[in-house]
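Note that the chains are named A, B, C, D, E, F, G and H in the order they appear, and that numbering of residues resets to 1 at the start of each chain.
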Amino acid sequence: MTATTEIATPPWLADESLVIGAHVFTSRLLVGTGKYKDNEETRAALEISGTQCVTVAVRRVNLDVGKGPSLLDAIDRSRYVILPNTAGCYDAASAVRTAQLARDVLETNLVKLEVLGDPKTLLPDPVGTLEATKELVKQGFHVLVYTSDDPRLGVRLEELGAVAVMPAGSPIGSGQGILNPNAIRILLELVRVPVIVDAGVGTASDVAIAMELGAAGVLLNTGIASAREPLRMAAAMRDACTAGRQAFLAGRIPRKLYANASSPAEGLIHAAGRPDPA
Amino acid sequence: MTATTEIATPPWLADESLVIGAHVFTSRLLVGTGKYKDNEETRAALEISGTQCVTVAVRRVNLDVGKGPSLLDAIDRSRYVILPNTAGCYDAASAVRTAQLARDVLETNLVKLEVLGDPKTLLPDPVGTLEATKELVKQGFHVLVYTSDDPRLGVRLEELGAVAVMPAGSPIGSGQGILNPNAIRILLELVRVPVIVDAGVGTASDVAIAMELGAAGVLLNTGIASAREPLRMAAAMRDACTAGRQAFLAGRIPRKLYANASSPAEGLIHAAGRPDPA
Amino acid sequence: MTATTEIATPPWLADESLVIGAHVFTSRLLVGTGKYKDNEETRAALEISGTQCVTVAVRRVNLDVGKGPSLLDAIDRSRYVILPNTAGCYDAASAVRTAQLARDVLETNLVKLEVLGDPKTLLPDPVGTLEATKELVKQGFHVLVYTSDDPRLGVRLEELGAVAVMPAGSPIGSGQGILNPNAIRILLELVRVPVIVDAGVGTASDVAIAMELGAAGVLLNTGIASAREPLRMAAAMRDACTAGRQAFLAGRIPRKLYANASSPAEGLIHAAGRPDPA
Amino acid sequence: MTATTEIATPPWLADESLVIGAHVFTSRLLVGTGKYKDNEETRAALEISGTQCVTVAVRRVNLDVGKGPSLLDAIDRSRYVILPNTAGCYDAASAVRTAQLARDVLETNLVKLEVLGDPKTLLPDPVGTLEATKELVKQGFHVLVYTSDDPRLGVRLEELGAVAVMPAGSPIGSGQGILNPNAIRILLELVRVPVIVDAGVGTASDVAIAMELGAAGVLLNTGIASAREPLRMAAAMRDACTAGRQAFLAGRIPRKLYANASSPAEGLIHAAGRPDPA
Amino acid sequence: MTGCETIGIELNGERRELARTSVAGLVAQLGLRPEVVAVEVNQTLVPRAERERRELASGDKVEVVTLVGGG
Amino acid sequence: MTGCETIGIELNGERRELARTSVAGLVAQLGLRPEVVAVEVNQTLVPRAERERRELASGDKVEVVTLVGGG
Amino acid sequence: MTGCETIGIELNGERRELARTSVAGLVAQLGLRPEVVAVEVNQTLVPRAERERRELASGDKVEVVTLVGGG
Amino acid sequence: MTGCETIGIELNGERRELARTSVAGLVAQLGLRPEVVAVEVNQTLVPRAERERRELASGDKVEVVTLVGGG
């Protein structure tokens, strides 16, 4: 695995890997598996996205069709780290039980914790999230915690032992991108664990913006799965993630009110009418 | 050439080429050559960016060092279309003379027309730009015209025969990105020739945003050349261009005020306390 | 008249008047007269808005009902300066003729020049606008010219003799406010005549933002006339105009990434647990 | 008091009052008392702002100069409701003690609760804030609670009995205005108690925007006290508050991509060249 | 007598037959308040002061306009 | 014989009658692939290793879950 | 006499020696206006009504606060 | 002989004295690579093909330009 912990070449793209718990990722894009047409589309989208970590939900077996193929058949576990989530839980207890069930199936300590406040906004409930984080950490889980972009709430979750803080750029599935870059920027200053922007990503530039802010990664699902062409969008998100990450590392030019010529100001031919401005 | 007019594979990334005059481009990134440390850095940045069209300026020969290597030595013309520009001209007459000089050296009809209003803002002068466009078209040039994001001004320039309209996203070298996406969107509705966003790009997401709006391409220089690590930024801009273009073609999800669950709402385990929200 | 050129009291609100040609205004809100339910609503809205300058359009007399009350009956000319406009003109010649007709009815040299590019976007046509400005100035009109937010186009119109430059914040009736504050800011640096933001204002904060940028005034119509409650919105726009103007003059605090305590950092009681942060 | 619970005239400006606990306010602007030059400037700014509720901090008596005039001498309590705050507290216990001390001096149950996370960002600590809210409500305080713009955190604070939720538009003293209008919009949908935007207001339009979103009020301090001309800015903030409130009630026009003529499309004079567009 | 002579003009885009008259006469015939309208004949303004003097002829294109609400 | 004794449980929210069996037996009866499901009885996980041992009793609330697409 | 007995307290974070007195006495000694201050002894509020009754003892941590400008 | 006759021109804004020659001759004298420069005399381009033919005269304003990095 250490072989992959450094992107080999070329030198000008050298980057460190994203490390979460025991896992080392060279791709900083985490992808969900919901809303796809079928397992085949899911499989193709994951592959094209270049992701190394995919999140899945826990639900009651459909007792009628439960015998059929499982989502797990579509996900090559030698290739992808599976990150079970507690999507749909509205209290800490349900989230903890859901995490335990997932661990029993997948034999992983990883969990993407979601404790939601209401089904309309799907925004995280801070109280239930704090409670569940504390309990899951006690039970030995590696908790990647979905939260709002409240910087001090992120600090509290890190203090409780979360291995990654996952602020929503905007509400789940809203496609509004990063509504408050300033909050993400401050959060990045305050916490040490990886900050992964989760939820709200609508299109490629949203991913690029998140990475340019310095996020350690981006997790998205609807943005790809509900695009008119999911596979094409999977490729777009992959490129946007590398573009944003590299731009962050490259050090962008500062913003100015105006003008900074990219051509030399000297050596202009003599103007017919007016003298050179230079 | 027609062989390259379609990106072969994979099918889900199929796209048409960018056609300007007689030239067919599979890369939609146009790159300037100013502000680099040396010819070697210029050469490397161009190569990494994946561009197929580079712009150069016309200046008086330095009579003392003029004997040395020329910028042209750094640009493989079998690989890049060279687009001379009239940067630094503040009236139509100087711009026309500059275009003629460039054509004589390069034996190309292409010209990126810039008629600037003042050296402080480097914003284009609409009157001089209209005048020079008319004259250059008459003289058989293929004019890619730098202009403001005024949509109706773009229409006028197209009417005068420009082969591409190049609105500034923000002032040259300001790094502010696309300040008025609405104007670009309307411009794209009103003109038929390629619209290439020129100037103002500061970082990767700016390029992605321009392409997501439907721009045919993006031209930039300072964003790469003045980044802390130009080569890394060249790669970032390349990926951002493909990411934005593919996202545009893929059809992004709509923006909503909130929430649209990416995990199923049914099949949740029975919550300890409260009933399922679903 | 000089009596009104200074707002008398209180001292901390002292401001100079807005002077356009021979006219001196203490209100910086200019209001249109279109889209109201009836003359009575028009009259009330104008009064509540506190405006001193109202714009009207020129149209063919309705030969059947033309005998009835005229809009002019609703506008007390001792109280409001009437600014006829050339709305609906798509070429310079029509705009010039329209201005002449208006001057004949109103015996005023003032005209708000609009030469539009197309009926869909109602964006100004820069070529026709330049042409008509030149001709109208020659004919002795005081031209307040509607234009895009292209700063150098504004400079050209000032050079042609316009007495005020009126950039659109966003397309007429779009209610998008000021889409490109940076362009307005640069325009304000480049021209000396009053810059009055015209078009696009949707709500009170849009007016405040325009004035905070340093605009000399704001002209609006749809924002009031098409609000659910026009009279209430007229009052809102009035207050927003004074608020924005006074904020501009008062000198706002700078923007910071974060925090600057408004309560003293010293003299805190000793914290139970941790030591004072200060 | 009921006399003042409705703004009498004029009818088109009718509005309900802001009610917090037992207090009824016709002004929706709450003002801080920090950073002023002296008591006289404080007194004048409060008066000009039109506020009816001012917030003050609790600090150790300066034993040397403590005999001098008190801030309370500058605040006419028959005119202003005094809202003591717990600014500077970094844990729930200190905040509770501070509230008790303030209540002993002022004989008021009102408290603006601030439990901060760190002295650099001055962002609220969600855990300490939840804890202190619960305790203060138990002790009979009317808690106006400073919090982040996390909508579900606001819901939790309301559940604990806060009489008002006061989200930060942006960090205290940052002057960045409302960084995430979407979050405020959702918060307004989720809570029933008054939502008062607290912190971050830099200039008049920020206040107008907050009120246009539907906020019940705005609390600010630095924006006025640190402006170049505090008294002028106090007037600007007052007008911006009424402007934004009235615009909210008046029902703004919708945003469109473009154009919606404010002058009639019919009755245009026959154009010289081209036919009427209409 | 010329009094009963009629002419055909285009008035605000519509053909009209009327007895020969001046611009001022036309405005009066139309029952319009002279101070709230302006008149153009063949795309040239006829200033208020000249309305009496200016006779209309067959084929004239006449525009009679007024001010309406607009922004 | 106890073999024919039946019990009533709540399975994923629905009442079911079945012959007394273990959790493992239930999963088998349901025709589910044991490696892709997890089982909870009365809101407590029954780890995979204990499914054989754990007998079901009347009134047990049983949840049988698997992994599905989600974000 | 108890009159000349002195005690050591911590007043707003600084050590002080003073003659034994009540909270009200301390406020008076400090020349403070009683209605604009609040007093805490050992992190517990001493309500205004109890300042007379409440005697200070050596080692007491006393906080005397007032209201200042803040936002 | 005309060979030794000299002329004064303005070259890229600076005065120069040189022996009468053609544009091509000037480029050669300057040691420039002909294929990377363009030449203008009195604000009019001298196309590459005409450099040989075009003789320079005293007072000519000559611009010799090349391509440089720009955006």
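Convention: a contact is a pair of C-beta atoms (placed from the backbone, for glycine too) under 8 Å apart; a residue touches a chain by one contact, two chains touch by 3 or more.
Just so you know, these numbers come straight off a predicted model, no measurement behind them.
Considering every other chain in turn, the ones in contact with both chain A and chain E prove to be C, D.
Touch-path distance (fewest steps) from chain E to chain F is 3. Hopping across touching chains, the smallest step count from chain A to chain D is 1. Here A-F and B-F are compared, and the pair linked by more C-beta contacts is A-F.
Rounded to whole angstrom units, the spacing between the C-alpha centres of chain B and chain G is 73. With centres taken as mean Cα positions, chain E sits 35 Å from chain C. Separation between the centroids of chain C and chain D, computed from CA atoms only, is 29 Å. Inter-chain centre distance (chain C to chain G, centres taken as mean C-alpha positions): 62 Å. Shared contact sites, meaning residues of chain C that touch two or more other chains, fall at 32, 34-35, 57-60, 85, 87, 97, 101, 118, 121, 123, 171-172, 176, 182, 186, 221-222, 225, 257-258, 262-264, 267, 269, 272.
Taken residue by residue, chain E touches two or more other chains at 13, 40, 43, 63, 65, 68-71, whereas all remaining positions touch fewer. Pairs of chains meeting the touch criterion are A-B, A-C, A-D, A-F, A-H, B-C, B-D, B-F, B-H, C-D, C-E, C-G, D-E, D-G.
By the touch criterion stated above, chain D contacts chain E in their complex at residues 262-264, 267, 269-270, 272.
Of all residues in chain C, only 12-13, 32, 34-35, 48, 57-60, 62, 85, 87-91, 93-94, 97-98, 101, 118-123, 171-176, 202-205, 207-209, 212, 221-223, 225-233, 235-240, 242-247, 249-269, 271-274, 277-278 touch chain D in the complex they form.
Of all residues in chain A, only 117-118, 121, 123-127, 130, 148-153, 155-156, 170-171, 176, 179-180, 182-183, 186, 190 touch chain D in the complex they form. In the complex of the two chains, the chain B residues touching chain D come out as 182, 185-186, 257-258. The touching residues of chain B, when paired with chain H in their complex, are 32-36, 42, 55-61, 63, 66-67, 70-72, 82, 84-85, 87, 97, 100-102, 104-106, 172, 219-222, 225.
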